[in-house]
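Structure, as structure tokens:
So that you can tell them apart, the chains are marked A, B and C in the order they are listed, and the count of residues begins at 1 in each.
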Amino acid sequence: MPLLKNNLLVSDTWITAEAEGELPNAGDVIVPFARLHTEWDALSARTGRLGVRFGNTDKPEALAGFLPRLSVIVLPFPAFNDGRAYSIARRLREMGYRGELRAIGNVLPDQLQFMLQVGFDAFEIGERFPLETWQKASRQMSLAYQRGLFRRGAEAEIWTERHTDAEPWLEQPHAG
Amino acid sequence: MYRYDEFDHQFVRDRTNQFRNQAERRLSGELTEEEFRPLRLMNGLYLQLHAYMLRVAIPYGTLSSRQMRQLALIAEKWDRGYGHFTTRQNIQYNWIKLEDTADILDALAEVEMHAIQTSGNCIRNVTTDHWAGAAADEIADPRPVGELLRQWSSLHPEFSYLPRKFKIAVTGAPNDRAAVKVHDIGLRLHKNGEGEIGWEVIVGGGLGRTPMVGVTVRDFLPQHELIGYLEAIMRVYNLYGRRDNKYKARIKILVHEIGAETFKAEVEAEYAKRPHPSTEVEERELKRIAAYFAAPPLEKLPRWSPSFEEAKLANPAFARWTKNNLGPHQADGYAIVNISLKPEGGIPGDATADQMRVMADLAERYSFDELRVSHAQNIVLPHVKKDDVFAVYQALEKVELAAANYGLAGDIIACPGLDYCALATARSIPIAQSISRKFADSKKQDEIGKLKINISGCINACGHHHVGHIGILGLDKKGEEFYQITLGGSSAESASIGTILGPGFAGHEVADAIETILDTYLKLRDPGEEFLATYRRLGAKPFKEALYATA
Amino acid sequence: MTTPEKGQLVTANRLRDGIAVFLTRSGDWSETIDDAVLAQEPQAAAALEARAKDDEKKTIVSGAYLIDAERIGGRVRAAHIRERMRALGPTVRLDLGKQAEGKGAGFAAPEGV
């Protein structure tokens, strides 16, 4: 399935493994969170990059030790009004994660900017809406009040803009 | 009061354009109703019984004459010539078209207003004391923090899809007129020995199906920690609040189910984990905002106003109105004028476009261009010279806004109910009207004294009946409307939830039941004792007996 | 006096302006409840509902649902006061809504309390 990244469609080169079964020898693979624990030795020994598919009721802290080795974290939106993944995403970024943060499930253009602002940078978007709709949605709001968001879009932070001579945010919030 | 800068203006412009685009995509069929619904709710647009309803935000209940005039214009141009002021200090229009809404939002943006997040599972209008900045008992004006939180919560990307709605209230006075104990988060301002401001943080209060009083999680949070700490609370709620059952999804349920101590520990753990960048920007921003809430240029006046006193002597109706409708101002020679939107037999909280314009004119001329909306669905002119009060009264009389029942039995708080609301189980306005007519006699109202009667047309409790001294809840019994009465609620600092008296009543019986209750009170009260105090002293028993005594 | 014809009808809100409307025999939506088609059997009611769902997809209406009602002498009375108000307007503002626009129909909701 194509992914939306940086407002363009790119192909997904990752293989998503099932809950059980063989893992491919080489290549980039996304495993369910449970397998990360139980098969860590095998996974660390592989060539190819590693990603994890996380649940929206899992605690982000559980990924702490794995973060340096992860290149993709996939978070679900089981319903578009289930907002738990927004907090999980932002928390993962606060924990220092700088790899790809991918949103799957019920992802609508009208939520794109919020997702970008909490740190998502890749989206499984399906075919329902044309690319232009997504691109337009990513630019709808040119401003955000909140400080320290992980924005990928062009929004300016209002409070930062108002007080440009104040101390900058010490931690670098921008992913990547 | 706060004035938008270029950023605030751009923000509401972008937001309006965003909604215009969303509405077009809905009307074209690109978005389904299921997808569009949360988007329109986050712009305050409900689908109700007769038409769409638009709830416009009046941040912390404060508005200028220019804004009030625009609300009047909107009522005339896009609605049926009136608006309804709500128990959360907002205004609602009941006859709105989806296809007009973007234009209405443009008209609001012109006067620095919006309908952002007045509905939806997000942070709603931050409400406060309707006497903020004027009340004699105030420690400090809470509205700068109200504005800070309004900005912080507007289109917050992490907290826009919460398990359920989220309501925050702030107060700066020891007498709590903002009901902070029955909000999802309530903030009470305190000053320590060194004169520093800190905030008591109260979480998990609320009304509705399971009314609860909130718990204090912090006694004295330094002001510069507010945003960080609130974010910790919101994150705990967003992650752990229930999403399986709409009626168990508020933060009060989470606090109740895991216990206050565990909840507090979760919040503190979350707060400790978060990166704590310098809060210098937030502090500067708060200072910048606070400058807009500096006291108006009040004159140095004597406490005694001869013309005011003479007018009272010459005009008994005016004298009575001043006794009931004026609030004590911080400054000598000034008064807080409370305009009752509860005319005898009228619809609580409704005002016509003409009435709005008269109130706007009065504010501009006599109250430093400022008005407030109270939780009791009334309007306040916060800074009026006593010398001017009679002129204000005369102007109000001309447009039937001079009801002298502020805070009395006639000052009934009622949600729109089944007459307007698709969620309601029963009508509330006709009940309010029948009670208002029964107690129309001014002598009787004065004799009864301070009394809060709250009416809700369904369990969602938008009429706040749980915290009414007398609460009335409209229910449905086999397709017929019937009403349950509660006593002893209060939203003040010693907050309490009312207790159900007994079996319910048919609509036409309610006013008589209220009369029986109040006759009982008059019979049993100590001299000068207000209704709530009598109830707390005697309990429900005498009232139950009077009401349900077999004939 | 003809005997009342009891059944179910479908009401919804028109999408663009939110006005409460009622599904008619021809498949149009009318603001006048007297124009509504009454289904007297469960299958007929289900068919009405299905047509309404279709119109929801076509962005004509939103929030369609079935209600009990009866037709007496050409006039339709909804069983519940809520829907009687959808047909007429609020009971506390007789100058507003369909009742004031000559589109009101059905039996009036009981006035006042």
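Simple rule for what comes next: contacts are C-beta pairs under 8 Å (C-beta built on N, C-alpha and C of every residue); 3 or more make two chains touch, one makes a residue touch a chain.
Model, not experiment: these values are computed from the prediction.
S.K.: Please categorise the chain-chain contact pattern as a line, ring, star, complete graph or other.
M.R.: Its topology is that of a line.
S.K.: Where the centre means the average of the CA atoms, what chain is farthest from subunit A?
M.R.: The chain farthest from subunit A, judged by C-alpha centres, is C.
S.K.: How many angstrom lie between the centres of subunit A and subunit B, each centre taken as the mean Cα position?
M.R.: That pair's centroid distance is 39 Å.
S.K.: Where the centres are mean C-alpha positions, what is the separation of subunit B from subunit C, in Å?
M.R.: The answer is 34 Å.
S.K.: Taking each chain's centre as its mean C-alpha position, how far apart are subunit A and subunit C in Å?
M.R.: 48
S.K.: Mind pulling the subunit B residues that touch 2 or more other chains?
M.R.: none
S.K.: Taking the complex as given, what residues does subunit B use to touch subunit C?
M.R.: Interface residues on subunit B, with respect to subunit C: 26-29, 32-33, 47-52, 80, 95-99, 347, 418-420, 424, 427, 429-431, 433-434, 479, 481, 507-508, 510-511.
S.K.: Quick check: in the complex, which residue numbers of subunit B touch subunit A?
M.R.: Per the touch definition, subunit B meets subunit A at residues 5, 7-8, 10-11, 14-15, 17-18, 21-22, 30-31, 35, 38-39, 121, 151-152, 154-162, 235, 238-239, 243, 273-275, 277-278, 280-282, 284-285, 288.
S.K.: In the complex, go through subunit C and note every residue touching subunit B.
M.R.: Where subunit C meets subunit B, its residues are 13, 15-20, 56-59, 62-63, 79-82, 85-86, 89-93, 96-97, 112-113.
S.K.: Using the touch definition from the top, list the residues of subunit A that touch subunit B in their complex.
M.R.: Spelled out, the residues of subunit A in touch with subunit B are 80-84, 86-88, 90-91, 94, 108, 110-111, 113-118, 129, 133, 136, 140-149, 156, 158-163, 166-167, 169-171.
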